[in-house]
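Here come two complexes built around chain A, the first alongside chain B, the second alongside chain C.
Take a look at the complex of A and B:
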């Protein structure tokens, strides 16, 4: 084996260090990453849908603040937003979540993701043909009913693939929680990998973390795709 | 040549290199033309940009007492010093793989790290202080049990405080600014950091108080195991710079007066001058 390949193997794929770091990564890191991803995604989807409807509002007083929200949170570096919310709120005396790092981080990441998801949801909702809404209204549905029963289910279904991409970004984005300070048991996948890399003077723990991220994101992508396919077939057979 | 170098004292090693250099280039006292480095005639050094006053960036240039110390080592070896900024976790692996010759950072010597790279003679001993708010002061590090303490990620201070106060809850932050914000906002009870930084924070913020000083282990420069000549040459340079007062001078230049050179350093390098009392 060439000396170059040998160095790559020693630095990134040391089997002993890989194996040892996997245990902590799976036992402590994985549940924390999943917890934070789910919390942030839920907050992101809730804000995203709310802002998306705001972006489509007819009154400028609703549309304008929603537009500003999306522009600012998509444009600012994520690190700054997480510091502003996670450290800014407590510094201002608004310790709304006490000392719970994860709540601040979930809120911060959720608000950021909400801005991205708002644009995705808006595109999906607007892709539902106007004629369908008009037909629903003619049948006697209120505009809220038309939104919830006609526009929302179809609009969300159409944006599932880009939404999956966004979920992957959320999963990887959770590593930024380290900015707010983590105790040993609070560390998520990437923090553990970085700590272990520093102590073992070797980058193999980061490779182990990479494998875990893939184990989360790849099945999720295929799962959502299969689900989306089934729903599409379902809606076709119902026609 | 390597076997000769290994066996002899470091002063002799330098001398023999000087002789070798003088033979090949008689006019100039070029020390180590025989030294193998990553980039020929250059000492390529990894450094950190975020650890004032040890190693950081000032006016767009590497600065700090360890950075200047490394520049002096380069002069001793007759090599140009080139600084490359890195983060801490990739520093030792990169030196191991001979991406850099060494690092301008006192890396705490541990068994795990010794398995990866060789270490030079000590360039410092870790010294630290626990900073807390005066309204909830922690006077001794040993009293931190049951409290939450902010420490920079990956720091060698984490095992140190765990040993001194076993029930302490360590919360790792990416940098000292984030740790300080958390302390000010009451998100943590204390902040454990190197002596120079701790004293600077206490000086800047009158609502903060400090604990007693505690020491950790030996800090040294990492060098690849494949380059024993370079290790011997750097060791020789370090010993010379310790004894001729260069280190003492740099220490007083960069550290606040309250931060003193650890006693262990005087024991390690007999004859090393003390700073002048002001």
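Take a look at the complex of A and C:
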């Protein structure tokens, strides 16, 4: 019995390996994970907003391709999309970022997130009351002006909590880029943990990585929930 | 048909509806409406809910586009597809039942946004206009507030100031007091009365019969998408001719 427990403790919680790997994880992995998440989210938001407006377009020729984009990228396993874009683009001769795996990784995750964020943005934009747009048009604003000055700021504000929630998913999603093979200094949390685990024949680095992910995601999740609660109460009293 | 004229200095314009018809699906909400809204005068549209009066009002600035007939503002056919709608709408102010203040902007920015983005005014210029208009509706000192921090009556005052800041030639009021608490109605009607006396063209959809009687130069009674009867307020309220108007007045007075 005690042998079993000891083995579990050694396999997952070896204090020396845990402590040792945590250093690399925090110094190299953490900034890379955060940078990659932020980059991918920025790409995702830009694409998402564009696709969201496309999803609401009055012409089928705009709406349809946007719908297809969202359906495909949300329907595919992320690991497959990351492979196809991250490995595929350079292989197909479309080396837009040269040999920098990091950029392909950011693009791949950004494109995936674009599909999810498009639906979030669309929900936000469509929640803006028609009267707000009518008031803007009545004052002589063009439909583009009404969109930029009224619909966009109101719609985006309303979906900031779900967007932040999506950002939490991106943080976890960046772990998949280990597939693309990163240089030593580019490795994010998961790939460092994986390498270290293999080298030390022990899973404690993965435990350390897990703790680090949790330290990022759990507080953010609670923060988002509190934020959403506050916004719901705020909008109720505003009515 | 001419296209919209360039912006000219403040003047009043009349509106003419010529055999206007509008369907929502197969339901005919407006059925051959022909009506002259004379300039520099207030015309009140009254009638039961669902009579089409709000739809007719919303046709005047083409928030709703009629499928039949033509509409003229100041002699220009606005139902002509060549008309610059955005430019036309700067000449027609509108006040809504639910105020429709931009909820993410301060009172000041609500009034100045279109001045800056549509009329191309500089911020300080636009704010000077806004200060004047807000003071005129009794909201001096509220410039930095958010709409959500105002009462319904105050929000509607901002909405009126916002519309007037554009120096419109016509003002449209779509049940401007219907969403207000009873004690706030009078104040808004007073603002509208003052405005009517200033001599601007007004088209007003209202359930306030006292207001219609005192302020209107012309009262139009609509039912089931048609104009049933129209005339001077005294004639309409004292000697209604049609049974439908008589019945309606019995219900509301």
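Note that the second predicted complex is superposed on the first by the 209 of 239 C-alpha atoms of A that agree within 3 Å, B and C clash if a C-alpha of one lies under 4 Å from a C-alpha of the other, contacts with A are read in each partner's own complex, and residues count from 1 in each chain.
Going forward, a residue touches a chain if its C-beta (ideal position, glycine included) is under 8 Å from a C-beta of that chain, and two chains touch if they have at least 3 such contacts.
Source: prediction; values computed, not measured.
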Original post:
Which partner does A:210 reach: the first (chain B), the second (chain C), both, or neither?
Top reply: neither
**OP:** Would you sort A:7 into first (chain B), second (chain C), both or neither based on which partner it touches?
**Re:** first
Original post:
Is A:131 in contact with chain B, with chain C, with both, or with neither (first, second, both, neither)?
Top reply: second
Original post:
Now for A:197: first (chain B), second (chain C), both, or neither, which partner does it touch?
Top reply: first
Subject >> Touching partner for A:182 - first (chain B), second (chain C), both, neither >> reply: first
**OP:** Please name the chain, chain B or chain C, that touches the greater number of residues in chain A.
**Re:** B
Subject >> Touched partner set for A:162, first chain B, second chain C, both or neither >> reply: neither
Subject >> Interface residues, chain A side, partner chain C - complex >> reply: 129, 131-132, 134-142, 145, 149-150, 153-154, 157, 237-238
Original post:
Can you list the residues on chain A that touch chain B in the complex?
Top reply: 7, 10-11, 83, 87, 90-91, 95, 99, 101, 178-184, 186-187, 191, 194-195, 197-203
Subject >> Residues on chain C engaged by chain A in the complex (per definition of touch) >> reply: 61, 63, 86-87, 89-90, 92-94, 96, 98, 100-104, 113-114, 117-118, 148, 159, 162-163, 166
Original post:
Contact residues on chain B for chain A in the complex?
Top reply: 88-90, 92-93, 96-97, 110, 112-113, 116-117, 148, 150, 153-154, 169-174, 178-179, 181-182, 184-188
